[in-house]
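Should a chain be cited, it is by its letter among A, B, C, D and E, assigned in written order, with residues numbered from 1 in that chain.
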Amino acid sequence: MLLRPALFISAVLFTLGVAGVLFRRNAIVIFMCVELMLNAVNLTFVALAQTLGMGGQVFVFFVMAVAAAEAAVGLAIILAVFRHKQSVSLQNMNLLRDG
Amino acid sequence: MYERWVLTALLAWPLVAGVVVLLLPARLAKYVALAASLVEFAISVPLWWTFVPAGGMQFLVDRAWIPAWGIHFTVGVDGISLFLVLLTTFLMPLSILGSWSYITTREAGFYAMLLVLTTGMIGVFVALDLFFFYVMWEVMLIPMYFIIGVWGGDNRLYAAIKFFVYTFFGSLLMLVAILVLYLHAGRATGIYSFSYAHLLSNAKDLGPVAWWLFGAFFLAFAIKVPMFPLHTWLPDAHVEAPTAGSVILAGILLKMGTYGFLRFALPFFPAVALNQSVQLGIVILSLIGIIYGGLVAMVQPDFKKLIAYSSVAHLGFVMLGIWALTLQSVQGALLIMINHGISTGALFFLVGMMYERRHSRLIEAYGGIARVVPLFAAILTIVSLSSIALPGTNGFVGEFLVLLGSFRTYPIATAVATTGVIVAAAYLLTALQRVIYNPLAHPENEALTDLTPREIAVLVPLLVCILWVGIYPKPFLQRMEPAARALIEQLRPSAAATAGQP
Amino acid sequence: MRLDPSVYPDLLLSLLPELVLTGWALVLLLFVAWRHKTVRDLRIAGWLTLLALVSTAVATWWLWWNRAGMQGFVTMVAADDFRWVADWVFLGAAGLTVLISFAYLEREQLLAPEYYVLLIFGTLGMMVMAAGADLMVIFLGLELMSVAVYVLAGFDRRRARSAEAALKYFLLGAFASGFLLYGIALVYGATGTTNLGLVGGQVSIMGKPSVMLLAGLALLIVGFGFKVAAVPFHMWAPDVYDGAPTPVTAFMATGVKAAAFAALFRIMNQAFGGVAAWHDILWWLAVVTMIGGNLFALSQRSLKRMLAYSSVAHAGYLLVALTAGGAAGTSAFLVYVIAYTLMSLGAFAVLSAKGRAGESDVLIDDLAGLASRCPWLAFALAVCMLSLLGFPGTAGFIGKWYILIAATSAGQNTLAAILVLTSVVSAGYYLPVIMAMYMKPEPIAAAHVDVQLDRWGRSAVAVVVVGLLLFGVWPNRLFELARSAVESVQPTATTAITPP
Amino acid sequence: MSLSPVPFFWFFGGIAMGSALLCITRKNAVASALWLVVTLFALAALFVLLDAQFIAAMQVLVYAGAIMVLFLFVIMLLNLGRPGPTDIKGPVGLGMAVLLGGALLFLLQPLTQLALPTGIQLPAGTIPALQQQQGVVGSVANPLFTAYLIPFEIASVLLLAAIVGAVVLAKRKL
Amino acid sequence: MTGTAVDLIWLAPALALLGFVLNGVLSLTRPWAGAKTLVSLIGVGVLVGAFIVALAVFRGFFGLHADAPVVFRYWSWIPVGTLQVDVALQVDQLSTVMLLVVTGVGSLIHLFSVGYMSEDPGYARYFAYLNLFVFFMLVLVLAANFAVMFVGWEGVGLCSYLLIGFWFNDAVNANAGRKAIIMNRIGDFGFMVAMFLIFWSTGSLDFGTVFTRAPTALVMGGSAITAITLLLFLGCTGKSAQIPLYTWLPDAMAGPTPVSALIHAATMVTAGVYLVARCNLLFAMAPLSSAIVAGVGALTALFAATIALKQWDIKKVLAYSTISQLGYMFLAVGTGAISAGIFHLATHAFFKALLFLGSGSVIYAMHHAYHATHSHEDAQDMRNMGGLRRSMPWTTALMWIATLAVAGIPVLSGFFSKDEILTAAFARGSTHPEWLVFWGFGLLAALLTAFYMTRLMLYTFSGPNRTGENEQAHLHEAPWIMTGPLVVLAVLSVIGGLLNVPALYHGGEWLHHWLEPVVQPSVALLPEAHLTSATEWILVGVAVATATIGMTGAWRLLKPERLVPARSAPEERGLARLLRNKWYVDEIYDALIVRPVVWLSREVLWKQIDQRVVDSAGVNGAARGARALGWANRWLQSGQVGTYVAVFVVGVLLVLWRAIS
């Protein structure tokens, strides 16, 4: 009986994550918004797991691993970019474009 | 024995020779290429005698190629394709000889391209498997693209890509049409094969799809012919291409379109092709081609462009003849296909020879040169006369047959088409006058040298053909007749009975 | 040979290629940790990588030879010919990438052997994707591949462009995998499982698919659509391809795309074979991708970006094969993937030879007169271009023809027509390359003196060209391979008429 | 104590959504990060309510702990404490975010209304029973090391790859 | 195969062709010592040979008393289905007459040319063309079917083109040649379509078959036969310079004078008449067409005569006179008096050839005179002549004979032939009144003919000389090789009448009877028109009166001594000017047809439709459009991740929406 609220909340969180990605320019914050999306999905999994079995929870476990891995790589990339531009604002990321 | 290997040899030999030419040192290129093309011609000549007019498809070879799709390497020759094959092998040595001094850069590449082109063109004419046909149809595109693009005139890049994209556009739609036919036949019979005979016998009850398929085929072939609104690639390609390129373009490539109509578009979709409105449309387009082509040719300042537009007119006659579907008109169309190859080829050679001397294709760059180069003038006159279908030359026999034959099916249209004869005289004789007659305006023309022995060697065979076909076309007509008759019977059982009957 | 996943040795056996490759990855990691200074180290690492790939290919071949297949029901990985063939494509792409990397890394002074480690991890991820019979496995494989490729894209850290490419790819990639994950969650919710087979079963029980399932399906397609760079999820591709080191770009354009397609293919056919909706969605994706990719490519002046857009267009063609479905579609898909891998790798290889500093500067017109300077290289590029154009005599044509057969036999004549028409458009940007090389004079004398491939790069290009021409004229073996792969992945092979 | 979890659920859910909203709207990156941490904690609470105590624990340890700390660390390292002028998009960006987000939510919202097909549902209380029997950790660990062994291994490789990648990108000289 | 000399018929064209080939080769080799002699020997030799063959054939055929043509099939030319065209020659009464005229007159003119062209650098080329012409002319008159006849028909056109433009480095000549062949082509268009109609209605193109099948296959006076005959006649108007296609002939005078004599007076231009005579049956079956033929003939006769009144160029006068005389012939054949037409054809060949050659030697003299003084006066303008009788008495005398003949003064050949035509026309008038109008035209034309011919003679030979003081000395008679042929022609012009002395004078009407087998079928179909001998005598009187009035009128009115040389001549005004400028017909054609067509072709068809519409808008337009769409993508592909995300999400929404709904 917690399923629907859970699904609703996760949908909202997911949307917020997407909105955040759309709304922000700071690479790190955008990445955090992505993490938010992942967590929203986690909520869905856990909620579903309650009625569908442990598979969902296990999945969340893996999602965390993935998130960690992405965080490691992603932040490293952001660092690398920062070395060049002294900024993580995506506004300055326009070397690559149709020209 | 000869029957078994000749076509395969005709296809394989130039390819091999082309590769060889490419690998040999450039200075040898033209000699090797000429030798190779002469050998090719020698291989093809016996076709003339061994061909049995009433024998239908002959010299058949059939080998599995891509069994997964029921694709075979199937080739054969009948009265329709025989002469186109011979024309190809006949024109190639002349083109090579004609490029002798015209081509000065990257010779190896050029002659290799010519040889590869030969394979492609012959392949198109002998293919009896639609996949193979399509492949060949495209394959001959690349060499021509390079010939125009690398050795062409100032505006060659534009002309080359225009030529390529135009043709590619048409042929790709045809490709889809072929596939639909293939699947249709496959579903109907359970046998999936691209074999011409198979598809032909199962092209029935397509329903409305037939219209789309015919449209696709029509587009592909009409672009090549070229028919009126789709012709604009031709002037550019002709003008920019080097002499040999123009000769082959006009002499052979254009015929692929009309050949396609005869071999595929008409037999596959007779119901559509002979539908009243379709007939009307095509006849009107042909008329536009004849008259419009002639009139536009009349005002061209560039001799090559003039010839290009005159080709549009000539091919208009062919289309008319094909669609009139009487024995005379169809054979006339076939004959014009050959004549146009010979006469227009010769014209392009002549223009090319002048270009080598004066580096100008503009008509007003000449004038009065008959006094300086009488031999050139004489030959140019004869060729022009054959091009305007003067009786006694090859041109007349073809146009006479087409018009006489078509008159039965479309009297009014044919009467209009006949005025094309007047227009032809108008544009070609005017050009002739402005080139070789009139006062010798440009002093630089005073020093022009007359034809060299090599150039004469290029032209004489063509002149011989012009007179031969003009005076004694019987051998040609005999060999065509059964094929033409078969085609008509197959398309119009009703007309077949009265084919040629008044 | 039937393998029972519930038995441990069988399980290992079924994962033999992956295990072999992982093992090599660890070996290489050790080696790198020990030697990572000189050019020679780099070379050795490269050789070890090639060795790894070859041995993996052998392992795969062994399984294929023994007709390895999964016994029983619920499994995490599939063992079927589709997987083996896909693995070969990935391994081949990786191998060719290694070959063209040798000279490149040295020229650009990227003396970090980790490059090869990451290459292997990326390949491993692809293989996992192709193997995965469970959304979870596929997801993890995809992440493994992505993480490795994110880093590779940004590998040339000294150049801002490379770093920027990595960032764009990473951010958008993570964003996309969020959607993918959500899609998986919804599918899980709709069917109670993430195993493709079971999902398929549930779907067939379900009859009319539930909204949740459809939403999940949609988000799955989005997630993979991003990886294959289908319009409108393609926008990262031109920039990332442009910024990444060229060998990596080649790897992305071929391996990554192929892997994503392989997974998508498996999912659609095994899990959603019974759902009609995805055909419709993919139909639209295919159309816009073909049109978009080709039109956008038309206006590019930089060779690298042009190739990037062309890879988008080719994703469209592959989507056509996918949409057509059926046995014909599947084998057409495999054939085309192989052809496509060859030709775009070849193109990128030549590009890497011509360019400097990440080839950001190579315009199409910079190739002017290449033919007279290095005829063979020009010839190779010309062949690749013609093959990309789908010109008869090349593998590209065979592939396209196969896709057309699949489409038409599935009654998708419109799709076929759009495909050929867009191919005509593509002539508008492939031909100028040939035109520049053969028909334009060298802008300055010695414009191409510094153009050279080392012998490995040359051998790679040679392999590509020979392959393209061979398959273009004699594709029979290719077809047999593809067809044998089809039955395995194609439970509903009867949905479409299959040419014999 | 048979207290209905629903109110608690909404309570924590509200916190999660609210703090998420703040997370994406705070100019200051650090603030965003901290609000995200709050969201994660709230989610952990929801997990507990959904009988996923172990996952909740992991959420707190791994996510709120390790990952977010990493984020904060990087933010500080790059000295982005102060909000950058271009960090948040203008009204246009806002409008687009609201519009597209709204549309997305509108499309996702029906999902929250429908019931799962009964065929695949486990009888209520199965999970708690399982946890009683195998323990909270065991109930997760058991499938993890049997059915989900392969993904587990792949995940380990994934992490390894991530480490290598991070090292490559971060180390001083190539 | 008759076993007589008739079998040698092929030899006649063959000889001419041989001459062409040999001389053609010689013309391309660089000139050497004996070349000219050799050329003359070949050129004239083959013609004389042909003439001898012709005589032999005639004699042989005469002996056969055949009333059906003898047909020789050499090889099958265009055999397609039921269309079986053979290369075949046929000998019958009509063709033998033509054969004799062509080869006979031809030989004389060749002979004349030897002198006339002796100093021309293109000597060999000239004879090559001339021989080729004779070849085609013989093919034309000997052909056994329409197709082969068409070969000759276009062949002679070609030769006239080549010979008119013989001095091609002068644009005027080249233009004249082009005009001639294009005008002829217009006619040939009619000929061709007529052939198609004939084939599809009778199933053959052989004269024999066609004429036997025609009465059954075609309805007397039906639309089909009318169309056929009218189209054939269109061909004739082109070839024989009748209204409306006559304008090329005067310009054709740009060619060497012997050419004008041979092609544009004696032989080629009469081909049309020959064609109608050949197809007399068909025309007889189409009364309307016959009426049109006769009408156009009569009108042309009058119209051309009016123009001839005011021409100053001596050859132009003769050209218009030719047109007018051809009009008579068409009046004759249109009326059905085939033999009369052929009769006039023959006599006209004699005296008109004589006139032209005579004018030729005048021009020759004038030319030499001006050449000697390096003056650039017009050697053909009569205002520069005058009083030449003193320096060239022979020519004067001979040309006077011809003048009398053409004017129709009794006992000379022209008198008989012309009179017969007018009589026939008048006779038909009894049943078809419109013929009376034609007769009137004819009579009026006869008046004018007498007038302008006399004018020509007076201005050329009488009065004071206007050539110029220095030049006068250089004016003298042409060499014998030129005057010789004139004498022969003069004799023929005088006695030519004997060919067909009407019964009125108790003559044998030999030609009439000779041609009967050919004319027979049509005679049956024509209305029987009989005149009492009284009426005939009156008509004769009227004709003679007209001729004398014309001549004496000219004698009285014209004052040669008042004439001033061309350079100081005043501009005519009024009617004179109108006639001088040939009723401005050329200008009208130019303004109404030539210019519009060229303008249309260049400005509309080429520049607009071809280049702008089809190419720019259509082809390149499409290309540009595609490229533009590509460029449009650039503001999306701006490098801004934000944009990419937005597009991405939009894509997601669309896919989701598509999936769920």
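Here, contacts are C-beta pairs under 8 Å (C-beta built on N, C-alpha and C of every residue); 3 or more make two chains touch, one makes a residue touch a chain.
Note that the structure is predicted; figures quoted are calculated from it, not measured.
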{"item": "Set of chains whose contacts include both chain E and chain C", "value": "A, B, D"}
{"item": "Chain whose mean Cα position lies farthest from chain D", "value": "E"}
{"item": "Of A-E and C-D, whichever chain pair has more C-beta contact pairs", "value": "C-D"}
{"item": "CA centroid of chain D to CA centroid of chain E, Å", "value": "104"}
{"item": "Distance from the mean Cα position of chain E to that of chain B, given in whole angstrom", "value": "38"}
{"item": "Centroid distance [mean C-alpha coordinates] between chain C and chain A, Å", "value": "26"}
{"item": "Geometric centre distance via CA averages, chain B-chain A, whole Å", "value": "65"}
{"item": "Interface hub residues of chain C, defined as touching at least two other chains", "value": "136, 140, 143, 147, 150-151, 154, 157, 166, 168, 171, 175, 179, 186, 189, 192-193, 211, 215, 238-239, 296, 299-300, 428"}
{"item": "Chain D: positions in contact with at least two other chains", "value": "89, 93, 96, 100, 104, 107-108, 110-111, 116, 120-121, 148, 151, 155, 158, 161-162, 165-166, 169"}
{"item": "Residue numbers of chain A (touch at least two other chains)", "value": "7, 14, 17-18, 21-22, 25, 31, 48, 52-53, 55, 58, 62, 66, 69-70, 73, 76-78, 80, 90-91, 93, 95-99"}
{"item": "Listing of all chain pairs that touch each other, if any do", "value": "A-C, A-D, A-E, B-C, B-E, C-D, C-E, D-E"}
{"item": "For the chain C and chain D complex, residues of the former touching the latter", "value": "11, 15, 22, 25, 29, 74, 76-77, 109-112, 114-115, 117-118, 121, 124-125, 128, 134, 136-137, 140-141, 143-144, 147-148, 150-151, 154-155, 157-158, 166, 186, 189-193, 202, 205-206, 210-212, 215"}
{"item": "Footprint of chain C on chain A - complex, ascending", "value": "7, 14, 17, 21, 27, 30-31, 34, 37-38, 40-41, 44-45, 48, 52-53, 55-56, 58-59, 62-63, 66, 69-70, 73-74, 76-78, 80-81, 83-85, 90, 93, 95-99"}
{"item": "Footprint of chain B on chain C - complex, ascending", "value": "372, 386, 391-393, 397, 401, 404-405, 408-409, 413, 416-417, 420-421, 423-424, 427-428, 431-432, 435, 438-440, 475-476, 479-480, 483, 497, 499-500"}
{"item": "Contact set on chain E toward chain B in their complex", "value": "24, 27-28, 75-83, 87, 147, 150-151, 153-155, 158, 161, 165, 168-171, 174-175, 177-178, 181-182, 185-186, 188-189, 192-193, 195-197, 199-203, 597-598, 600-602, 605-606, 609-610, 614-615, 618-619, 623"}
{"item": "Chain D - residues contacting chain E, complex", "value": "89, 93, 96, 100, 103-104, 107-108, 110"}
